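First the structure, then my questions, so here it is.
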Amino acid sequence: MSVTTVERAAPRETPSPEPSYLTAEHTVGSWLLTRDHKRIALLFFASITFFFFVGGIAATLMRLNLATPQGLLQPSVYNRMFTMHGIIMVWFFLIPSIPTTFGNFFIPLMIGARDLAFPRVNLGSWYVFNLSGLVVLYSLVMGGADTGWTFYTPLSASYANGYVFAAAMAVFINGFSSIMTSLNFIVTIHRLRAPGMTWLRLPLFVWGIYAVSVVMLTATPVLAMDTLLLAVERFIGVGLFDPTRGGDPILWQHMFWFYSHPAVYIMILPAMGVVSEIIPCYARRPIFGYVGMVLALMAIAILSFFVWAHHMFVAGISIYAGVFFSLTTFFVAVPSAIKVFNWTVSLHKGSIVFDAPMLYSLGFVLLFTVGGVTGLMLATLAIDVGVHGTYFVIAHFHYIMVGATVSAYFAALHYWWPKITGRLYPESWARFAAILTYVGFNLTFFPQFILGYLGMPRRSYTYPVEWQSWNVLSSAGASILAVAYALPLLYLGWSLIWGRKAGPNPWGATGLEWTTPSPPPDHNFSSTPTVVHEPYLYDPEKATFVSQEGTRHAG
Amino acid sequence: MYRWIPFWPDTAAVNAEVVNNLYIAELIVSGLIVATVVAMILAFGVRYRRGSPASRANLVQKTWHLEVGWTTATLGAFLILFVWGASIYIWLFQAPQGDEEVYVVGKRWMWKVEHPGGQREINALHVPVDKTIRVVMGSEDVIHSFFVPAFRIKHDVVPGTLQTIWFKANKTGVFRLVCTQFCGLQHATMQGEVDVMSAPDYARWLTEQGVHESLADQGRDVFRAHGCSGCHDENSTVHAPSLAGLYGTYVHLQDGSVRLADEAYIRDCILNPRSFTVAGFPPVMPDFSGQLGEDEVLKLIAYIKSIGKTRETGR
Amino acid sequence: MTIEVDPRRARPFPFVVAWALLLLLFGVSLWTAFLGLGLWAPVIQFGIAAIQVATVFILFMRLKGPPSLKWLFAVSGFFWLLFLYGLTMTDYSNRKGWPPAVPVSSSQQVHPPGS
Amino acid sequence: MPDRGARLLEVQYANLAHQGETAELGIWAFLINETIFFGALIFTYYFYRLTYPHDFALAARDTVLWCGSVNLAILVTSSLTMVLGINAAAQGERTKMIRWLVATCALGFAFMLVKGYEYYLDFQDQVVPAVNYVAKSGEGPAGELFWVFYWVATGLHAIHLMTGVGLVLYMLLWRIRRGEITPVYYTPLEVVGVYWSFVDVVWLFLFPSIYLVGRS
């Protein structure tokens, strides 16, 4: 196996022979009707950034309202704000955040393929996503739904008078977008791997996206059916969840959470994949227990379907179902514990560089650990009876969704920014933004754990005066977090024009995507690469690394 | 006992103390795990930062025993907490007979409380201290959730059936009652007070309400008004199951199943007789689901339970 | 360029036999509906439906031949449904107060359907 | 011939066989999603039938059995004609292929006609929830739940069938007319065939749950 040593030369300025995917064509049609997975990734990136800020505005209004007991918004406006914040953030930012942008862009590059299996289906997924975005914006502009993002019947079916039908249909249509994306990934990873890229040589990000796609493909249809039945019940006034006709409102909860708990794993699995890419690169050493990580990813994907009723311990389900689902929830925490352990030990004997992606990833590991551990508290039946429906639950899932997933999203954004745009971002600003995110986040959501155990119910626009100090602390933290999320927009935008040119491999990483010039040409690889090594072949002792197709580099 | 813990909610019920101990145990175990992860990240981060002299020789890529050890340790610790939590849950969610009973009906944005003695309250619940109070809850419209933070008890109130939960206050005082399942516009103000009083104060409070006709007596009037006595009375000619002493016994149904005659069962029989015909009786009972309000059903249940009691005292 | 024909497709005969088998099974299923089997009727009818579906899968959707990834995809849909059907039974089989009595809807629905 | 084959080959595939095989895997992956979609609907039916056996039996007695049976026969036959159409494509007999595909479309329309007539009968029978519903004597309120399931299930199935007919027409009027379906590469037709047979599979499950309840 010939190993050619290439000195890590300064990024020489030889113009790459082919034009990059950005400069290949310039017409609007070439963007809106593109079949190139890299351009579709950027289209998705634009859509979800827009929805991230729409959801963020709803969140800031809520935090302003909760800064004082008497509040800022009318009750009906606050109720619609938290509902739309939930719907937009869950379905229009978190679920598509990493798979549709970095998944679309890097899965073909990482497995050595020229494009995804079905490019037209991929573009269709973006258009279906935007269609559902229009429907949710219609529902938001016309007044929004006031049922909470969980749409519990019979409130959502017959008592709420907001735009529940439009919101439910938006979620229904959005389901198809994630199905089309996940279908594309599964078939691509099965069929289009480069020669030599066996299953155990796949980078962990590709495994993460594969696990997410399996969960998306099998969980989303149940939500589609659920929201369809709700829309039918809402539209004709008679439905399957109507207690006045013998229907069971808890049946809605069963089918909703059968989707929505795997959905929270849809949000965290790609984030785990991203962090498993970044930590070895900046610790300059192979990941600890690669096979253990792969098994943990797939175990989470499968076990996530057995735990959904831990959202319903006090909803009136039978005691034995409560005990059963509490037990399975403890077992689903085991793979997550393995992954946290492996990430931490992956720092052992490395030569660690604390760049921005690494800071975001370490922030991910810490916040995910706190989120996971409080999740186990909520899985303990007696504690859940005390804190269900209070701010303890809100703090728990924000630690996982915002603390872990959004930190990993920003980590991926910084880690792959040079490859996507060919530019390097200012390192000091990025580190400041990462630390500010971590501080702002903890200040926002840790007080809510205390409020939760004190008994402050969620989804209420007011609270007793004695808790104002905690809420003011939380609102202050929220403003810091808002700044920390806006900062990357500024300096990354700045780097687009004035940033230094990035060579093919600025961080010295081993993935196949780093063997292409950045930004990569239209068809990724001029000749299909053959893979010889497993991923993450870093050697901290001799400070060299071997990329997956066999060339050894210094650094 | 918990005064020395900062920011701790007040604890005013027997089960609240048990939950407190479990919560503290969870905090300790979770704190340990988070501390371990933070310590390891800091230690490795400092010791193996780029340019540090530490040796990187014979780097460990995979050791199953360390990984399996860490996982089984954490799983073992949490399974103990699971068993402890589950036992409290089963103890809490199987309401015993209780010394006192209270009927609570959740209606959009208010809690309507009815005591067996006929006293009615809105958004307030007066209970004696050191007594096991059994709360029977129903909802008239959407799903609410009966939550008293000081007692650490909570149960969703689902329209269509009756739910029961119990508590035993061990401290007098006024504690907040809250609805934690979003139920519409004024969900945030659907709150009330649980006023735990000593026994004499509670007795005096009951008499002050000035209502003489107990819930059971009101139930008897409803029982006669809707013609139930026509079939179910002692001396009626119609072949119908006798209701005397029914409460708390096991009933054999037509389809072979056996159901404990608790409030939910009696309510089902009144409103949906067809699916609960008792073995050996013709399914002729008319369907009352259109004519009886939630309060009247609760009154009938109180009356049917009272028939059971008088027979025992009679023996 | 020789047109090599997929051997599975040569003769229409096996497909016509499968078609006849499906209609026969349909007849049996119809017949069981009128036998008054009570609780066993749905079990048998859905069993026959499962056999019919298997026939359609294997022959009409060309799953015949060495087991491949398509088999896994064909079966995994039903496998996932087991989770939904099975685990909800832990709740409904012994939930207190189930099936619910139909309550009186004393406060009429405040919301006119259709908005 | 080879130039048309080359034009069909997409850039990310090694050869046409690779592309065809991947396309088939794609439709099967989509069918996982559809199986669970209809499976969740039949779950609500299975759950309510367990809970209210008596009401469901009474309500289901009013379904039009002969319509359901004729429709099942039509769909099973259309699966057969679809497969024979694909066989003809594989053997390169263009006219036989077109004849079988036209027969499949015709059977699809026949199904819609019978279904439409059945809906008309149901409307006469006043079993349309909320629009025109009268509960039969002795039937509890849960009967209406059965009819909500009936209309949602058969409506969704009809939409899927119309999509199937649309796909076959797309094949006939577009892909075959432009000569893209050749014995070397007929995978698009095979994908439509798999989807069509799946719609037939859904009806195989819906038939016993709707029409064979409460007949004895």
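Order as written gives the chain letters A, B, C and D; numbering starts at 1 within each chain.
Assume a contact is a pair of C-beta atoms (placed from the backbone, for glycine too) under 8 Å apart; a residue touches a chain by one contact, two chains touch by 3 or more.
On a predicted model such as this, the values are computed, not experimentally measured, just so you know.
Peer 1: Which chain pair is joined by more contacting C-beta pairs, B-D or A-B?
Peer 2: Looking at contacts between chains, A-B has the larger number.
Peer 1: Can you name the chain whose C-alpha mean lies closest to the mean of all the C-alpha atoms?
Peer 2: A
Peer 1: In whole angstrom, what separates the CA-based centres of chain A and chain D?
Peer 2: Chain centroid spacing, chain A to chain D, equals 35 Å.
Peer 1: Measure off the straight-line distance from the CA centroid of chain B to the CA centroid of chain D, and report it in whole Å.
Peer 2: It comes to 47 Å between the two C-alpha centres.
Peer 1: Any chance you could list the residues of chain B touching two or more other chains?
Peer 2: Counting only residues that touch two or more other chains, chain B contributes 108, 141, 158-161, 163, 272, 275, 289.
Peer 1: Give the residues of chain D that touch two or more other chains, as numbers and ranges in rising order.
Peer 2: In chain D, 25, 29, 32-34, 36, 39-40, 43, 47, 51-52, 130, 140-141 touch at least two other chains.
Peer 1: For chain A, what residues touch not just one other chain but two or more?
Peer 2: Counting only residues that touch two or more other chains, chain A contributes 159-160, 190, 218, 222, 236-237, 243-246, 248, 250, 255, 316.
Peer 1: Applying the document's contact rule, which stretches of chain D touch chain C when the two form their complex?
Peer 2: It is residues 1-2, 24-25, 28-29, 31-36, 39-40, 43, 46-47, 49-52, 69, 72-73, 76-77, 79-80, 82-84, 86-87, 90-92, 130, 140-141, 183-184, 190, 193-194, 197-198, 200-201, 204-205, 207-209, 211-213, 215-216 of chain D that touch chain C.
Peer 1: Mind pulling up the chain A residues that touch chain D in the complex?
Peer 2: The touching residues are 108, 113-119, 121, 179, 183, 186-187, 190-192, 217-218, 220-222, 224-226, 228-229, 232-233, 236-240, 244-248, 251, 255, 523.
Peer 1: Under the definition above, what is the set of chain D residues touching chain A in their complex?
Peer 2: Chain D residues touching chain A: 10-13, 18, 21-23, 25-26, 29-30, 32-34, 36-37, 39-41, 43-44, 47-48, 51-52, 55, 129-131, 133, 140-142, 144-145, 148-149, 152, 156.
Peer 1: Within the complex, which stretch of chain B touches chain A?
Peer 2: Counting only chain B, the residues touching chain A are 7, 9, 18-19, 22-23, 26, 30, 33-34, 37-38, 40-41, 44-45, 48-52, 54-57, 59-62, 64, 66-67, 70-71, 74-75, 78-79, 81-82, 84-86, 88-90, 92-94, 108, 141-143, 145, 147, 149-150, 152-156, 158-161, 163, 176, 178-189, 272.
Peer 1: Of all residues in chain D, which touch chain B in the complex?
Peer 2: 52, 54, 140-141
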